[in-house]
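Below is one structure, written out as structure tokens; the observations come after it.
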Amino acid sequence: MGIKTFDDYLNRLKKMRRNVYLGGEKVDRTDERLSGQLRIIRETYDRANDPEWRDLCTATSHLTGEKINRYTHIHQSIDDLLRKQLMTRLLSHRTGGCIMRCMGIDAMNALSVVTYEMDQALGTDTNQNFLKYLKYWQDNDITANCAQTDTKGDRLKRPHEQADPDLYLRIVESRPDGIVVRGAKIDNTVAPVGDEIVAVPTRFMSEKDNDYAVAFALPADWEGVKMLVRPAGQHKRKYLSAPIAEIGDAESFTIFDDVFVPRERVFMDGKGDPRQTAYAGFLALLFAHYHRHSYTGCKPAISEVLASAAALVAEYNGIEREAHVRDKISHMIGTAELIFAAGQMSAYRAEKSPSGTYVPDEILTNAGRRLAGEEIYNEYKIVADLAGGLCATLPFEEEFFSEETEKLANKYLKRNPKISSENQHRCFRGIENLIVSEFGSVMQVGGLHGGGSPQMETITMMARYDVESLKSIAKYLFGIEKELPKYERPTVTPRKMLERFRQMYKR
Amino acid sequence: MGIKTFDDYLNRLKKMRRNVYLGGEKVDRTDERLSGQLRIIRETYDRANDPEWRDLCTATSHLTGEKINRYTHIHQSIDDLLRKQLMTRLLSHRTGGCIMRCMGIDAMNALSVVTYEMDQALGTDTNQNFLKYLKYWQDNDITANCAQTDTKGDRLKRPHEQADPDLYLRIVESRPDGIVVRGAKIDNTVAPVGDEIVAVPTRFMSEKDNDYAVAFALPADWEGVKMLVRPAGQHKRKYLSAPIAEIGDAESFTIFDDVFVPRERVFMDGKGDPRQTAYAGFLALLFAHYHRHSYTGCKPAISEVLASAAALVAEYNGIEREAHVRDKISHMIGTAELIFAAGQMSAYRAEKSPSGTYVPDEILTNAGRRLAGEEIYNEYKIVADLAGGLCATLPFEEEFFSEETEKLANKYLKRNPKISSENQHRCFRGIENLIVSEFGSVMQVGGLHGGGSPQMETITMMARYDVESLKSIAKYLFGIEKELPKYERPTVTPRKMLERFRQMYKR
Amino acid sequence: MGIKTFDDYLNRLKKMRRNVYLGGEKVDRTDERLSGQLRIIRETYDRANDPEWRDLCTATSHLTGEKINRYTHIHQSIDDLLRKQLMTRLLSHRTGGCIMRCMGIDAMNALSVVTYEMDQALGTDTNQNFLKYLKYWQDNDITANCAQTDTKGDRLKRPHEQADPDLYLRIVESRPDGIVVRGAKIDNTVAPVGDEIVAVPTRFMSEKDNDYAVAFALPADWEGVKMLVRPAGQHKRKYLSAPIAEIGDAESFTIFDDVFVPRERVFMDGKGDPRQTAYAGFLALLFAHYHRHSYTGCKPAISEVLASAAALVAEYNGIEREAHVRDKISHMIGTAELIFAAGQMSAYRAEKSPSGTYVPDEILTNAGRRLAGEEIYNEYKIVADLAGGLCATLPFEEEFFSEETEKLANKYLKRNPKISSENQHRCFRGIENLIVSEFGSVMQVGGLHGGGSPQMETITMMARYDVESLKSIAKYLFGIEKELPKYERPTVTPRKMLERFRQMYKR
Amino acid sequence: MGIKTFDDYLNRLKKMRRNVYLGGEKVDRTDERLSGQLRIIRETYDRANDPEWRDLCTATSHLTGEKINRYTHIHQSIDDLLRKQLMTRLLSHRTGGCIMRCMGIDAMNALSVVTYEMDQALGTDTNQNFLKYLKYWQDNDITANCAQTDTKGDRLKRPHEQADPDLYLRIVESRPDGIVVRGAKIDNTVAPVGDEIVAVPTRFMSEKDNDYAVAFALPADWEGVKMLVRPAGQHKRKYLSAPIAEIGDAESFTIFDDVFVPRERVFMDGKGDPRQTAYAGFLALLFAHYHRHSYTGCKPAISEVLASAAALVAEYNGIEREAHVRDKISHMIGTAELIFAAGQMSAYRAEKSPSGTYVPDEILTNAGRRLAGEEIYNEYKIVADLAGGLCATLPFEEEFFSEETEKLANKYLKRNPKISSENQHRCFRGIENLIVSEFGSVMQVGGLHGGGSPQMETITMMARYDVESLKSIAKYLFGIEKELPKYERPTVTPRKMLERFRQMYKR
């Protein structure tokens, strides 16, 4: 059956080849510095095995009919999209804002659509490879990262124009049994503790970029794969344990040093079959699309985590009735609600693609994700504002527990007399972890860039929105056109988006 | 049958008693200065009679089973709420942003819930009065305003504390056959051309404010009702007719100069039955709630009308490919989408009240309406920014058509060579009407205050949101509480809202 | 002597040829619809003749040593710049935000620098023409507009590339006794009631744009000059007179229909002498620079006028102690102070150009002006927010004075019991004039675009700021460069700006 | 003579008693974890001894006529204020945004005014104590922190109302030879490496709060003083040294455990002489005022440091010509210029207090400081935006220098081909230090709260601004008052501020 336990997963990690480089040496996946990420991923296994959560966190495989972890599921309905989004929000409450496992399944959903479209159009069999690989995923409750972002070199040049041709991941050899790839992918969250790597293109590829139109999956410890890993965590707690202090991030700068990928794990090969190149952009965008939709789940949770901390410290500081405090908290709540609503309505407006996979609405998903990116720094500001400077100047934990200073330190920490010194301490320590820490600052950047920065969402929206149809409103009102056609929301529905891509690739 | 034509309605207006005061004299409802508002309301009749729109703009009465104008319908389902919102958005595209007729039916929906609740609790029969009155509405396709905002006097004092007891509308006498009311209601859009006035309270009322707990309906030309009317329109076009120049607003400062209301048109009478006073706040809030939900329909349309003008003038100015232009238009589009999504999801989360009427989600409706209010001035700024100063300095229409200046004026107006001088002229003239005019500035204020300013939505949100439940997230993450309870969105669902009100009034 | 009275000026206007087109006919400069602008300009004459203000509003001519109106003065010192800015701020308090006469003298200051530079470099004698013309100005206390903005046609094309070569004002003939010009200038505030028109280029001109490098001055009623005028004022008050209701704007779309300019009034002639073309951009920028510096005087006044109205209505509404109210008013005050400080420091950092004229700092002037443009719509929003909807729905004045409604209207207007109904009325009527009127909406657009929109200031700032020098900070901190050179503010001082232009034009 | 070297200072630190608690033990002032702060303070000694900087970084003592470090100088002129501000800006460029030594001298300037005022009014001799102490400061080039912020307990209660009377620092005993104080001060930057602590009150004190009206100075290692220290630095660099990686912060939670202060070091003693209590608020505000003025020096530097990093990484990423990039950098530059101009104009508007010390303008200082606080999080956002996600995901330094990964890591880091891999590395590593680190997040909070959050500046501005005088503008324009009095900037000048305080304390 397709639901594994955290221990099953951990045992797999323990068996993996050492290819994680950290601080100048190769380390195990169970290295202490990666424990924060494991703590987060643990939630995705534990909750799927928790009777109270099972309903939300599992699904029925459309391949096998078996119960599987929802993080390995291909969305078969609007309800699936709604549940994925809600699961992401609720689990993120438990992990301080990020559940990490979304990116792998977002890549899989995108592949399910694009490989199907490609096979239909070109007579290829990448979808077969994909479905076989998906079964392996679902059976083993696989955790994977999606390796999308290339290092990109000179950003004004296309992949094939770069001084060094390897600055985008490329196929150096395509042969019947597989492909050999060279290059690097960066910003790879989850990768250091993933079973697998799912690689997809980062952008549209032109006809001269065939070598760069590549998608595949590999075990994370595969020969030739090297992960340079950057962890970010918290000062370890000695006395006051708390979930916020246990979580952490780790990002991989993953190098593919002439790596062989067996054919059955290849989902796009523009070098071997240049017709496939046209689908690189489609896949890049569709992964981004699913991933931004996931962000409409986690970003409301981030706003809520921050609003929650803001509300708590406002209470502890005794200022929660102040007008400006209520105004600020209400602003964060409103942001969370609007982003989540954007994602929900994207799901309600989703349409079934020919592959059977549901595709959410693009304009609204991007509008929601963008609002999140625009607001994230402001939300940190609000928490800092309501907490006061102490969140950045709180002495270390030890000072509150060493004989010489313990009593004095706790005495002077008291604020609201109803709140114990320990809880005051926990509150400020928690806020320190949340917003005044290496991890907190990584989360800020992630809140801005993860899934694409506001700049990228604007570009996507304007690429897809039917501005000419929008103009017809003004043309009617200003008397330039006699009538205003009815009913059309001037945006591209998922179905139209697919049709448009399909047209683009018929050449 | 319940769908009337614009002419039917106009004929009713023509027969009405003169009680509209405008510029120092009493005028007919067909006075030229009120024509802009009639032009807008006309859409609600014409579209209901238009085969292409009928589906959206009509509904089936739950009272009679007959087809009625949707603007006289009590929402019987989620679908009804979604359709009302969509109709409001689409018709507002045709009228430059406001459809005006929403407020009447929003008041009726609120009354349908509150009179039912009151009767159930108190054994009164106000719901019977209401249903009878509703039938009259539906049969005659009635246009009405909602008279809510009192003049309020000293805002730090409650109604009964005011120096002049009439500064909130009050019942001066309650007798078996009806009540006599005195006071004034302001900001009454539609009133100058409405068949009827539906009056509801503006706020919660305490036990000392019994006289002020009053709701009723009256014909707009009823004895003792005096409307001081403030119209706002456009310079009349002589040469280039256009819908934008034909629309207008008119607001009434409505005085009730000791007016008798027959009992069958009384829906709340706190003087006659002090138990009813408790329901004043419920009715005030519920009307605001329905009206804010209507704003999630029209406000996206306003953003779209403005974005449409911005996109058109950017094209005509030849700057539509500039990065900052696309950024600004995309921002407006995103705002429209988010507000509309907020309203749609409020509908999806709606719950059926005991009266049978559906009540949308409150937090999300308010979050959406607030975003609209926060953005409105910025949206005007963007249109002005992309149009350039000419929208404020364009010579009058005559200069473009008088012999001596016509050729020169048109010659120098040319910008994009593909666009005729006339269309250039129409575009800038249209934008002048939209954002550089008395009407435009009234719409700005309306965009901020209509349905309640952002300040009011913040207050509503914080009154209803379960902040304690929100704090549990931080308490869990910071180790203050061991577990995080599952699944609860920390907000009040419509059902809980009703229950809370019900509790409040059981005393 | 060089200080005239308003009557002197008015008598000049009365004698002028009719070339103002308004509503399809030619009208006098004393037409009622232009009276609002006269009311504003009157302040500049009255105050210069007012003993209490004379000190600030007059200066000593550097040409003649005589006392002159400061609005005809060329800045000879830092103190002159400071006084011009302060005068502009204080007079704008009296006129609701705009004093109008700044643009003429801003053009004259720019001409004083550029004609001098040009003569020094090229051996021309435009500065002599200019100085002679300046004497005429100072002796007669001339009011003029600056005609800068061309209609520009297709904005992606340079002047000589336009389909119609006349879409930028151009010299069609250059002969010894003068030039003949054809084209139009738009957004010309003051022009309908100015004695004179001072025309300057709108942009840099390339070598192919010689015909468009043109600057000159003409009497406003000169043969061939046609002004299509767009006035914007207020509903006339019948009962409650107030300065706010008396002021107004009028903009001219000025057409030069093959107009002959005598040589002594020509200050730049790129057709006759193509070497002068290089100076077109310098003049365009320098006028904009002086004008933006003027805006650091009037824009704080606009913020203060709006903040003043906001504070007053907050008092009348009884909400002035609310936290959000104080926050909003404080924000407006802060904006005013920051913009004014930017202009003052620009003056303190000013440097004397070789012509003797002082040139303020460019980066800071632009930063100040831009902040003003960014904030203007928000400031209107705040006033509307604190006033409430009534500012947009107040019945006409007559309703408060006609027998039938007077008592009722005034009764229900009462708010703060200490404030008379009349003052309540005056306050809301004033706010209506300020923010809910055709004039108010023109002022909004003017607040955004006047002197150049925020977009233009950003472009100017980035063109002039030494970004490479800025980068040296990061290079030092990041260890890329060993040392950080001392002391240099990475911006271009006025002197460096002049040198840079001078280099540019040595070719 | 009064200018010491860094070594002089360091030798003093080495001799100090161990009373710094860090991580559960007592440590020396030279502990590695405090080295980042020493690195910053070093600049203040080195530059004063650097011939190129001496002019700016030294001053002439008004006590002795000797050359002293400007960080020990009492401002005797407008020029002194301007130089202090400029020095702060320029040195902060060299330290990444904070120079730390301002707070001590800000407290000394405030004391110079308030002790003088107090002596004049009350006949006390605190100013004599102060001047004697000042001479010691200047002779020894003392580094000190200002201990202002009390822990405050329940924020809705006054000091004497707290459950525990020690939650504000208080005098437990006042005797002829001195006072004994008990309590704690928090957010004490510099304290861990300061020679001295200068303590001042945190707020106004009422007559019941006499015990809390206390100001004094003590050696930082004085008997009974206990510092619980919270350092924040960077990952130590092994290969690529850079100033940004060497700097750091350390904050002290300083406990006064029944500490005796000799009388000659007491500057305010409300317990011994209750008349002095009235001056507590004056001193609290005046320190905040000088400190906010210092922020108008360092905050522009912070904006410039961030803008500098943004511009550099935009170049390295090859996007510096993009419109949105230029827009964002220009916004940061503009912010820096406006804040600095606010501080400069505050200096130009400064007035000499009776003590001889110059006091800058309060409204403008607060407006400038507030803008800085409002913008700080947005500025971090811009840097993250332009840098891209890599600044948060860059592998550790070792991976770029270990044999196995060095070549690959550097190969894939290449972007702009003109920039070496090392400089690319340095740039992203520097940005990581700046915005994705514990130190960076402390600086964010400091940028918001240091010197008082925007909330505090709003309160100060509204307390001091003459809103009634502001209203007179609207009253004039709206016809409520006949005339508008001339010339008055509706704010309180420094002189008026002092007078107002003086009035307040005459009772």
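Every chain is named by a letter (A, B, C and D) in the order it is written, and numbering of its residues begins at 1.
Keep this in mind: a residue touches a chain if its C-beta (ideal position, glycine included) is under 8 Å from a C-beta of that chain, and two chains touch if they have at least 3 such contacts.
What you see is a predicted model, and the numbers here were worked out from it, not measured in a lab.
Engineer: Could you tell me which chains make contact with chain A and chain D both?
Structural biologist: B, C
Engineer: Could you find the chain whose CA centre sits the greatest distance from that of chain A?
Structural biologist: So the chain farthest away from chain A turns out to be C.
Engineer: Can you compute the centre-to-centre distance for chain B and chain D, using the mean CA position of each chain? Integer Å is fine.
Structural biologist: 51
Engineer: Can you work out the whole-Å distance between the CA centroids of chain A and chain B?
Structural biologist: 40
Engineer: What parts of chain A, by residue number, touch at least two of the other chains?
Structural biologist: 324, 327
Engineer: Which part of chain C faces chain D closely enough to touch in the complex?
Structural biologist: Touching chain D from chain C are residues 52-53, 56, 90, 93-94, 96, 240-245, 304-305, 307-309, 311-312, 315, 320, 326-327, 329-331, 333-334, 337-338, 341-342, 344-345, 348, 363-364, 366-368, 370-371, 423, 426-427, 429-431, 434, 458, 461-462, 465, 467, 470-480, 484, 486-487, 490-491.
Engineer: List the residues on chain D that touch chain B in their complex, please.
Structural biologist: Residue positions touching the partner: 322-324, 327.
Engineer: Within their complex, state which residues of chain B touch chain C.
Structural biologist: It is residues 21-25, 149, 151-156, 163-164, 166-167, 183-184, 186-188, 226, 228-230, 232, 251-253, 255, 257, 317-319, 324, 376-378, 380-381, 384-385, 388-396, 398-399, 401-402, 404-405, 408-409, 411-417, 435-438, 440-442, 444-446, 448-450, 453-455 of chain B that touch chain C.
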